[in-house]
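Input: structures, listed below.
You will see two complexes here that share chain A, one where it goes with chain B and one where it goes with chain C.
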Partner chain A sequence: MSGYATQIAAILIINVVAAYAAYMPLACGQLNLGIAGFMAIGAYTSAVLNGHGVPLGLSILGGACASTIAGLAVSIPVLRARGIYLTIATLAFSEVVAAVLLNVNALGGASGFVVNDHMSVAPMAAVMVLVLAAVVWLSSTRFGLCMTAVRNDGRGTAVFGVKVRRVEIAALTIGAGFAGVAGALYAHHFNYLEAQHFNVLLSTYAVLYALLGGLQTPVGPLIGALVFTLVPEFLRSTDQWRYVGFGVCIILLMLLRPEGLLTRRLIHDLPFRRRLA
Partner chain B sequence: MLLEVRNLSVSYGKVAAVNDVSLHVEEGSVATVLGANGAGKTSLLNAIMGVTRAQGTLRFAGQTISGWSSARRVSAGMALVPEGRRILLSLTIEENLLMGAYQRRDREIASDLGRMYELFPNLARRRNDPGSVLSGGEQQMLAIGRALMARPRLLLMDEPSLGLSPLFVREVFNLIHSLNSSGLAILLVEQNTRMALQAAQWGYVLKLGRLALEADTEELMKSDDLARAYLGDNTTAKHRLHA
Partner chain C sequence: MLAQQLVNGLLLGGIYALVALAFSLTIGILNFLNFSIPALFMLGGIVSCAMLSKGYGIGLSVAVALAVTGGASLIIERFTFRWLKNSDSHIPLVSSLGFLILFENLVVIYFGSDAVGYPSPFGGASIRVAKLLLSLPQLASFAISLALIVTCYVVVTRTKLGRGLRSIAESSVISEMLGVDVGRTVSGMYLISGLLAGMGGALFGISYLQVSWDMGSEVALKGISAMVLGGMGNIWGALLGAMIIAGVEVLTISYVSSEAVNVVVYGLLLLLILVMPNGLLGDRAILVERM
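Our next item is the complex of A and B:
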């Protein structure tokens, strides 16, 4: 692979994992705009552990654990708020994390933090497949069914005995764990961290991938991240029109496929349509 | 006695939706709660199900359940058919039914699913379609089937005939009758007074959150009190209509 292709592949993998971090809470109707904050926690934790001689794999695991714990700690008070207030609270959390990292000199502060061990694309892809498999498996369980039910009708789902708040907390926490993984992968591939990278735009893109790919199936965010990481690259030849083209693509998609690229109906219909025709 | 509600009150802020209501449902019987819009019928059912906070004492099958979560109440044998059906539109018909069995851990869920499809052949044919493809009447059947999947001893039904065609209204009441014949106790909240009184053995009338009247349904059908409690003091208007 050329250097360019390797970089794109690495970014793609990180984006896919981040998309699943956004997907988990979205799948039960919660918009988390603090993905970047959880990514930063994962990235810096993994980098620090690695800097103290912890092996690469364990460091990444440590980063994921740290962001999971942060996710749990944040979601319990934050999920008392609903809808737009929840989103604002997660956004604020993310900004606090970035501000703290920017000011802690032990973590490099504004001059950034150098990460020891490098991770190449192949093991990164393996980690991505693990995350994907975990989400596909979760979606096939009762918990997955509950997430969709809560997204449809939160209050109504309580009637069946579902503990709605616990489902929401679990989804946001698992998503935060995935964000930590994405952050750790970023840290070890690029070997350099700066707090400013983990901003709102990063969270927004993660949410965008999940929404545009579609929330109805666990494969949606993969498709979303794939398409919307690669489209801007293909549009690179159009130079300054690149982001105009990208914007047009997003608007067209919202018009034509408001439920996302990949819907259950699409999957359901494909084999049957052929047989009937 | 299967369900006993004593001095139940529900308030939203300063507004009292249900005020000091006591009622009971006998094992294997149908009781109905009648009342106009805003009488507090839905709040009453939600409080019994545990999805709305309430003051008062609730006893179910010999246990005091007042502080219990909805989950525990479902496990104990209560299920609610909510107002407006509230089908989960992104889930398939089969998944909707399975959500009803959420609290169960036994191995007979699959066979119960089969029984629901026998009971509702319309649903069987479209079990893998999303809930959104169903008509209002079919959605009501699905909502009832979903509640039955919990294997309840007491079925709470919130206006099951609302917005349905006369044909489906009759079907819903036939179903209520046959479910009750098989031993299921039902607490039925309705605006369709005539049908509800025919289906139930005991009737309660709510007016602005308070119990205005309770009696044997045969008595209620004959009495003028019902019309007065139900329609306020507008009985003259009703007489004029008939004249």
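Our next item is the complex of A and C:
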């Protein structure tokens, strides 16, 4: 692969994993706008562990653990009040993480932080497949069913004896773990971290990939991240207009296909599928 | 020195208060975090700046900017409320993000990505009152912000539109049954929040003499913090919260460092939402309780 293609593939893999980080809480109706913060925790933890001689695989795992713990720590107090409060709390959390990282000189501060080990695209793709497999497996379990039920009707689900808060906390925590993985992959592929990269826009894009792809199936975020990473890349020659087009796409898609690109119905209508009665 | 900083914070707070109020109205009434408000704020600044640099007067420039932001806000209403009824609660939020991306990049295309000096006819005029240096445009902006907030309070509590809005905040279905024209009332609310944000942007330009395509995001985050601090959906809460946030910001810059501002402001926001999610003055008071 050429350097350009490798770069695009790496960005695509990171975007897909980040989209799943946003997908998990969204799948039970909670909007996490702090993906960037969890990614930053994963990235810096993994980079620091790696810098102290921990092997690459273990450092990434360490990064994922750190962001999972952070996710749990944020979600337990916040999910008492859901919805808009969670969105704002995660947004604030992400800003705090980025601002703290910018001020800690041991982590490079404003001048950035150099990461030791490099990770090429193939093992990154393997990690992405692992994440994807984990999500597909999770959504086939009882827990996955509970997530969908909570998203469709939280109160109704509670009536049937599901511990709604636990499901929400678990989903947000697992999502935060995925964000940590995405951050660690970013750190080890680009080998350089700066706190300013982990801003609101990064979280926003992760959420957009998941929502534009569709929440009904676990494959939705993959499609969303694929389409909305690659299409703007092919339109690079149009410069700034592609972002305008992206904005228009988001608005129209939400109007015409509010459930996202890939819906259950679409899969159902695919020609090679046997039609159900 | 301390007094001077506090005065600066107070004057900055006026602009934060307008943005906080614009957010607060949509959250209080529709429970929807409208991410197009930073774009409208930016449009208010950029459009008035473009008109001024073409040689038009300040009055006309601000009027055109307000017409643009009000009109844009009504278009946004179509795509985030009217045509999206009965949809998932994230959908309007995502559409409003779409508008943010759309407007910011259109402005980059037509006005460039560099910060532009704001050709204000008042410049940096200032007066001295008892050792305090007061910038006249900032002072005037603060007075205008305050007047707008009071007007907004009167509209929400004393007019037919306001009564409709408060009933929709309680329940949109029941207020429709009781004869409230939900479509027009919500349009009115979008118009008000668009005008507040646009005016905030124009006043920001007049006060700080610089506008750019990304001026909205930073102010919007501060506005959201102010709104949560005061209590979401609470008009006076937005004002009080904005004063405190701006004061904390200015004091942190002068006594700690400018890099520490975000740690302090967003740390405060996170702490508040964890321990006191209803804010200082109570969540959705005024809008819901005094029916």
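Please note the rule applied: the second predicted complex is superposed on the first by the 269 of 277 C-alpha atoms of A that agree within 3 Å, B and C clash if a C-alpha of one lies under 4 Å from a C-alpha of the other, contacts with A are read in each partner's own complex, and residues count from 1 in each chain.
Quick note on the criterion: a residue touches a chain if its C-beta (ideal position, glycine included) is under 8 Å from a C-beta of that chain, and two chains touch if they have at least 3 such contacts.
This one's a predicted model, so the numbers in the text were calculated from it and none came from an experiment.
Engineer: After the chain A overlay, clash or fit between chain B and chain C?
Structural biologist: Chain B and chain C fit side by side in the superposed model.
Engineer: Could you tell me if A:Pro77 is touching chain B, chain C, both of them or neither one (first, second, both, neither)?
Structural biologist: Only chain C is touched by A:Pro77; chain B is not.
Engineer: What's your read, chain B or chain C touching more residues of chain A?
Structural biologist: C
Engineer: Who does A:Ala206 touch here: chain B (first), chain C (second), both, or neither?
Structural biologist: neither
Engineer: Is A:Leu26 touching anything from chain B or chain C once the two structures are fitted on A? First, second, both or neither.
Structural biologist: second
Engineer: Examine A:Pro258 and indicate which partner it touches, taking first as chain B and second as chain C; both and neither are also allowed.
Structural biologist: The answer is second: A:Pro258 touches chain C but not chain B.
Engineer: For A:Phe160 in the superposed arrangement: first (chain B), second (chain C), both or neither?
Structural biologist: first
Engineer: Taking the C-alpha centre of chain A as the vertex, compute the angle to the C-alpha centres of chain B and chain C, in steps of 10 degrees.
Structural biologist: It works out to roughly 80 degrees.
Engineer: Quick one: classify A:Val115 as touching chain B (first), chain C (second), both or neither.
Structural biologist: neither
Engineer: Where does A:Ala92 make contact in the superposed view: on chain B (first), on chain C (second), on both, or on neither?
Structural biologist: A:Ala92: touches chain C, not chain B.
Engineer: Can A:Gly247 be said to touch chain B (first), chain C (second), both, or neither?
Structural biologist: After superposition on chain A, A:Gly247 lies in contact with chain C alone.
Engineer: Of all C-alpha distances between chain B and chain C after superposition, which is the least, in Å?
Structural biologist: Least C-alpha distance: 11 Å.
Engineer: Going by the contact definition given at the top, which residues of chain A touch chain B in one complex and chain C in the other?
Structural biologist: none
Engineer: Taking the touch rule as given, give the residues of chain A at its contact with chain C in the complex, in rising order.
Structural biologist: 26, 29, 31, 77-78, 81, 83-85, 87-89, 91-93, 95-96, 98-100, 102-103, 110, 200, 204, 207-208, 211, 240-241, 243-244, 246-251, 254-255, 258
Engineer: Per the contact definition, I'd like the list of chain A residues that touch chain B in the complex.
Structural biologist: Touching chain B: residues 142, 145-146, 148-149, 151-153, 155-163, 216, 264-265, 268 of chain A.
Engineer: Under the definition above, what is the set of chain C residues touching chain A in their complex?
Structural biologist: 27, 31, 33, 79, 83-84, 87-91, 93-95, 97-103, 105-106, 108-109, 217, 221, 224-225, 228, 232, 259-263, 266-267, 269-270, 273-274, 277
Engineer: Could you pull out which chain B residues touch chain A in their complex?
Structural biologist: 49, 51, 69-75, 79-80, 82, 86, 88-91, 95, 98-100, 102-103, 128, 130, 146, 150
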